[in-house]
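Heads up, there are several structures right after this.
Two complexes follow with subunit A in common, the first pairing it with subunit B and the second with subunit C.
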Partner chain A sequence: MIEFDRVSLTLGSFCLKDVSLNVGKGDYYFIIGPSGAGKTVLLEAIAGLHSPGSGRVLLRDEEITALPPEKRGVALVYQDYSLFPNMTVADNVSYGLRVRGMRKGEARTGVAGLLERFGIAHLADRYPGTLSGGEQQRVALARAVAVKPDILLLDEPLSALDPVTQERFIDDLRRLHREEGLTIVQVSHSRREAHLLATRVAVIIDGTLVDEEEAEVVLNTPRSREVASFVGIENILDGIVTANEDGHATVDAGGRTFEVVTEAAAGEAVTLCIRADDVVLVTGDERRSSARNTMAGRVVSVAENGPVAEVKVDCGVTLTAVLTRRSARDLALVPGIAVTLSVKATAIHVIG
Partner chain B sequence: MPIAPPSREEHGLHTDMKTRVISGDLLRGGREASLTRWKKHRGRYVDWCIVGFCIMGAALVGITVLALASMATAELGNPAHLLEVALSSEVIHSILLTFAAGANAVLLLALFGTPLAYVLARAHPSRFKGVVESIVDIPLILPHTVAGLLVYLLFMRRGWLGAPLSGIGLAFEDAYPGTVVAMLFVASPFYVNTMREGFEKVPVHLENVARTLGAGTFTTFRTVTLPLSLRHMYNGAIFAWGRAIGEFAGVIMIAYYPFIISTLIYYSFTTDGIQTSRSIAFTVILVSLGVFYLLRRMTRCLGRHDDRV
Partner chain C sequence: MVNENPIIEGFIEAIELIVTLDPQVVEITIRSLYVSLTATFFAALIALPLGALIYFYEFRGKHAVVSTLQTLYALPTVIVGLLMFLLLSNIGPFGFLRLLYTPGGMIVTQTILIIPLLMGLTVSALSGIDRDKRYTITALGASRLQTIMTIIAEARFAVMAGVLLGFGRAIAEVGTVMIVGGNIRGATRVLTTAIALNTSMANYSLSIALGIILLAVALGVNITLSLVQRR
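Up next, the complex of A and B:
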């Protein structure tokens, strides 16, 4: 639907370098990256608010690099909502229709259904300054949807909301994406949101696009160490391949050997990514598991975090496992006790 | 071997004791100290710093108050003369002319100064922008006679702009347009700078959103940016108007006639003497205070949304 072809742009001290990406129709496209990586600028560039120094922007295969934002059919919702403080909620939502030449009364009836759907009909005559964060967010979203955009751009829409409101808003967004078939591009630094919503993910670090794939692929089998640590893979180990037989390789990482599945030849340096929920723990010294990598170790720490417990185990290298809090208590995991840890060879993602 | 974590009870006890120690000794002690200090001043705490500042400030305000008082006592002592001067057609005409010329200058400023202020507010910092900003500020730093001379040289009958404009029947020398253009020149920084501050306060995000919702640059300006800067526009206009109607040296060079109020006061000071000029001045003070009070009152119902931007 929208395509960036080697777009570079400089904005003060900040710059995007050679960014190429492709947002397909109906995608829920996530742009994730650490703070200050240039996500918002990228979003504004899609909206046409910054013109690139070089490169091309294409919309449905037509070049729109120089097309002003009002002609792109792209609606933008900022993190700070940016509601017009001089207009009521209804006037905010109907703004897009009015600037397209619709009469005020007509526009207001036009958005009545929308206000109803977003649960803000009772706020229609209030001014934004008197609304709560969650209400403002819904008004901002309704205002953007009102113009029936081809693409909806969301700039960290959840970060300013409290956790309960966040959950409700995530549901709203999911419904909007599924039921309307809307193409959504969302900027976020939260991996959790990406896990919950994204169909496709781009990772941007320091103004450079470092990875762009299906959400599953980026989040579970990232292409680089940088991305792996950013998407929150708990165990990242550097090692060297010692032997490889038909793709079944042995990797020496920090004094421990791991059996993995990879094409990397013996002698090559690789990075192993192991998700914490792929690490299985049993107490004691029994080796019953059918997994290829089984090793003994001692619990270093147990941190309970809501319904889950994060357990760090020292077995030559320190690995993190995630259990439900219930099972961590059943196993009586406390620092110092001996455990056996196992990881399936296929659960280890190898970055060559 | 499992290592037992500290039990809940033990843990709780420790923190309890800690809180007790802190609240018991430190906080209570501090409160007592401040209480004794309070009592020393018989229930009244004196902040000598603020008292000092007030005395210094009063000296400054005192000058204005004394000056007004000295004029008011003289004038109110002879109300008949004051009334006679205040109601003379010469004075009324001059006051109206001054206010009208000032308003005219402000209107022109609003028309040409608002776009300039917007461009300055949104332009990225650059040497060119700095130069333009300095040019805008020039009337602020020039002696008024210099400003008057500048206006005269440009708009006199043989001036660069005066010559072609007098060709189409627009004369500036000793004429109403001359008054307006001189006022415009000296008042322009007040309007442009205030307006620019107002535009700078409107978040660019609001404009960006309006753009993506389908509004062109001008529609965005008209429906979002300008309404949110109305209060600054109004304040800038009042500043500029106040500056314009008070101008003397800037105006007399290009337009000694028709008499604006400053010129009239100076003229009667040098010809009729102190009594008449004082009565005119007092009339002007009363009228100006009244008008500015009204204008300030009107701000209250204007641009309330500015605060929430």
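Up next, the complex of A and C:
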């Protein structure tokens, strides 16, 4: 759908460096990265609001590098919604149709169905200042969808909403993506949103695109250590391969030996990524697990967070496990208690 | 018992002058409103497009221009008065217009006095529409002209507030109208100059009456301003 071919651009003291990406038709494309990494600039560059210093932008294989925003068939929603305070909800939503030459009455009729769909029909004659955050967000989204964009661009659309409204809005977005077959590009610093919505993910750090893949791949088997740490893989260990037999290798990491599946040869430095929910805990010293990596350790801390509990275990190296709060309580996990920890060899992602 | 205090007497007489619509009070008030409203109208006509131009176009020294405008907010009115006097006097380059000591001259002078204020406030009002909103408008398909029109429409209440402030400065100032208008009775005398003169002549009742009217006008402007800003 839209493709960046080695795009670089400088904006004041900030620059995007050599970014190549490919947003496919129907993708729910996430651009994630830490604050100040250049996510919003990248989104604005897709919209055509900044022109690249070098590189090409292609839309359906046609070069559009110099095409102005109003001709790109995009719509942009910022995190502060950017509604027009002196227009009613209906006038806000129909704005895009009016600038395309539709008469006011006609445009208002044109968006009636949309207002209904977004559950804001009863607010049609209200002004944005009198609406709640969630309502404003739906108005902003309806306004963007009204122009029937080829690509909908969302800049951290959930960050200003309370948790309950966020959940509802995630459902709205998922439905919008599925039912309309819309191509959506969303900027976010939340890994959780990416897990829930993304089909494809790009990770941007310091103006550079460090990874771009199917969401599953980026989030679970990242390509580099910095991406692993950004996508929230809880256990990241540096080690050296000590032996490798047909892809079944042993890795020495922090004085502990792990059995993993990798092509890396003996002597190579590798990084091991282990998701906390792949770490299994049992109390005491029972080594009856069929997992290939089993080790004894002691609980260092237990932190309950809603329905889950995050347990840190010292077994030579410190590893984090996540289990349901219920099972953490059933196992009577408290700091100091002896536990046995196991991880399947296939659950360890190795970055070579 | 007759009250001998001239101030209290002045107040009582002042109320009488207002209530009975004293011809002199009415005439001065109407002239004051006429001069300052006309000046505000012309100043707005010039300053709003110029302010918009400064805001929407990027050029070298833009920041310096805005800073200069803001400095000119506090321009002493007597300096403007002096400058305009020299320009409009018989020996000045615009003497042929014969505007000195006429309401026309006062209008021109007040217009020039408040143009920087209106321009500066227009720039501020438009800056109130943030970058994200500009980008949103453009990304929704608006052309450059449509983007500019939408931003101006969205900032209209802030712009109006600026115009009201300009009118407030015009009607309340005394320096330029005294120098350029000459405070001629029945011709160029306005509220502020009449108060100055009558106070120095110990004609307190007229001064107080005109003062009350001037305050009422200022109050009216402020009430309108807060109504506008509440939007």
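Throughout what follows, the second predicted complex is superposed on the first by the 352 of 352 C-alpha atoms of A that agree within 3 Å, B and C clash if a C-alpha of one lies under 4 Å from a C-alpha of the other, contacts with A are read in each partner's own complex, and residues count from 1 in each chain.
Just so it is clear, a residue touches a chain if its C-beta (ideal position, glycine included) is under 8 Å from a C-beta of that chain, and two chains touch if they have at least 3 such contacts.
Being a predicted model, the structure only gives us computed values, none of them experimental.
With the C-alpha superposition on subunit A as described, subunit C and subunit B clash in the combined arrangement.
Of the two partner chains placed around the shared chain by superposition, subunit B and subunit C are both touched by A:Pro85. By the touch criterion stated above, A:Ala75 is placed in contact with subunit B and with subunit C alike. In the superposition on chain A, contact is made by A:Val334 with subunit B only, not with subunit C. By the touch criterion stated above, A:Pro128 is placed in contact with subunit B alone, subunit C being left untouched. After superposition on the shared chain, subunit A has more residues touched by B, the comparison being subunit B against subunit C. In the superposition on chain A, A:Arg143 makes contact with both subunit B and subunit C.
44, 47-49, 68-70, 74-78, 80, 82, 84-86, 95-96, 99-100, 143-144, 147, 153 are the residues of subunit A that lie in the contact sets of both subunit B and subunit C, per the superposition on chain A. Every residue of subunit A that touches subunit B in the complex is listed here, in rising order: 12, 44, 47-49, 68-70, 72, 74-78, 80, 82, 84-86, 95-96, 99-100, 127-129, 143-144, 147, 149, 153, 332, 334-337. In the complex of the two chains, the subunit C residues touching subunit A come out as 130, 132-133, 135-143, 146, 150, 153-154, 156-157, 231. Those residues of subunit B lying in contact with subunit A across their complex are 1-5, 124, 203, 205-206, 208-217, 219, 223-224, 227-228, 305, 308-309. Contact residues on subunit A toward subunit C in their complex (touch as defined above): 44, 47-49, 68-70, 74-78, 80, 82, 84-87, 95-96, 99-100, 143-144, 147, 153.
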